[in-house]
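Structure incoming, see below.
Which chain is which? They are A, B, C and D, in the order written, and residues in each are numbered from 1.
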Amino acid sequence: MSYLTAGPIDVAALHSAVHAPDRGGVAAFVGLVRDHHQGRAVLRLEYSAYGPMAEAECARIVAEAEARWRVAIALQHRLGALAIGDAAVAVVAASAHRDDAFAACRHVIEEVKRRVPVWKREYYADGTVAWVDPTAAMQHA
Amino acid sequence: MSYLTAGPIDVAALHSAVHAPDRGGVAAFVGLVRDHHQGRAVLRLEYSAYGPMAEAECARIVAEAEARWRVAIALQHRLGALAIGDAAVAVVAASAHRDDAFAACRHVIEEVKRRVPVWKREYYADGTVAWVDPTAAMQHA
Amino acid sequence: MAAIAPASVTVRVLLFASYAESLGADSLDLTLSSPATVGGVVERLRALPGGRLLPPKPLCARNLAHADAAEPVTDGDEIAVLPPLAGG
Amino acid sequence: MAAIAPASVTVRVLLFASYAESLGADSLDLTLSSPATVGGVVERLRALPGGRLLPPKPLCARNLAHADAAEPVTDGDEIAVLPPLAGG
């Protein structure tokens, strides 16, 4: 399964990809498109990526997590035009150990945000459009 | 929605119950029936509960988490006969804040295991049957 | 002073899982002299046939909420004696 | 001693999102004198029209992996200059 998808993320399929009879604990994270960003009403957005590197970086993040914890990871990031409420990213971590499942799931989503070359263009209700810069958002928060 | 269910847990329905345009982060945990318990092959199992108290305790756990974190929680525990790989419990925590979603999800599953009156009878491949005692398992581990 | 006849409390006891098997019953009514506590209910149960299979301080609930052994019981209470929980 | 003519390296530069808009291009080829680094590629980009909109030390990648400014570049490398990441 590719880490990047142009269509809707099938969270159930990600679960199926990592479920196994000896993995009793499954932690998951799904990031959804929100209707606001820093107080501005968002109508829709577009994700774009440096595709080959994004695929490679996702693979590295998953491999690192699977080496560090006793866990199987499924990960997918959506690209293209998304509407409010659409899933933009999903991580599923399955393990025999609840601690490992939670720790790996959390780690993977943080690393995806930190390392995977994906950009977000937001279209606002006031007619403006902007590339989202999370580093600037942190300074303003 | 009842916290206890005799049928399969619909994880997607639990997601839908807490998704909202201002909640961009959804953390979830699903506990699946494993094929082994303390080294013994498990064929199937049965969950039973002190139903009215289990419902009340689930409601208290959810209310406590929703008071402590900025989060909406969906929770369901399955009862009756389950096969290997079936979902026994699911927690979904949706929030505008990723930290809150993860913290609340983790807290709720720990509290469910600690406080909700549910019992598990395991049927083993060797023909024996036993009530599972997690406190004894911890001593043996 | 004339001795005051002790009032009594009757509670409905619920047993589950391995405890129900040990005592051969899912529920029973117990009448105790007042004042009575959750711990007093357990003590009475342990004196019944099969009751020694219950631990001295099992997890208990009173009226659908977890309760300490010291918690007083009132006439009509539902007292549940809970084997080790295994949910999740 | 005779001066040694410096060898040159040619790299393919990829630009994305706001940086592609700033420089008006998604990709371009740059030839630098050897030895060259990722930081040297950025310096050259900042000298182009619109290049001042790039920060002095942007996030960069070399051949599909994150790379420091000090990392050497080799002929044929793919160097990507990455605006602030906004995935997830």
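As a convention for this text, contacts are C-beta pairs under 8 Å (C-beta built on N, C-alpha and C of every residue); 3 or more make two chains touch, one makes a residue touch a chain.
This is a predicted model, so every value here is computed, not measured.
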Required minimum of steps from chain B to chain C, each step between chains that touch: 1
For chain B and chain D, chains touching each: A
Furthest chain, CA centroid comparison against chain B: D
Intercentroid distance (Cα basis), chain D paired with chain C, Å: 76
Chain A and chain D: spacing of chain centres that average the CA atoms, whole Å: 27
Centroid distance [mean C-alpha coordinates] between chain B and chain A, Å: 24
Centroid distance [mean C-alpha coordinates] between chain C and chain A, Å: 51
Of all residues in chain C, the ones touching two or more other chains: none
Of all residues in chain B, the ones touching two or more other chains: 31, 109
Footprint of chain A on chain B - complex, ascending: 11-12, 15, 19, 21-36, 84-85, 96, 98, 101-102, 105-106, 109
Contact footprint of chain A on chain D as seen in their complex: 14, 16-18, 61, 64-66, 80, 82-88
Contact footprint of chain D on chain A as seen in their complex: 31, 47-50, 52-54, 56-57, 77, 88-89, 109, 112-121, 131-136
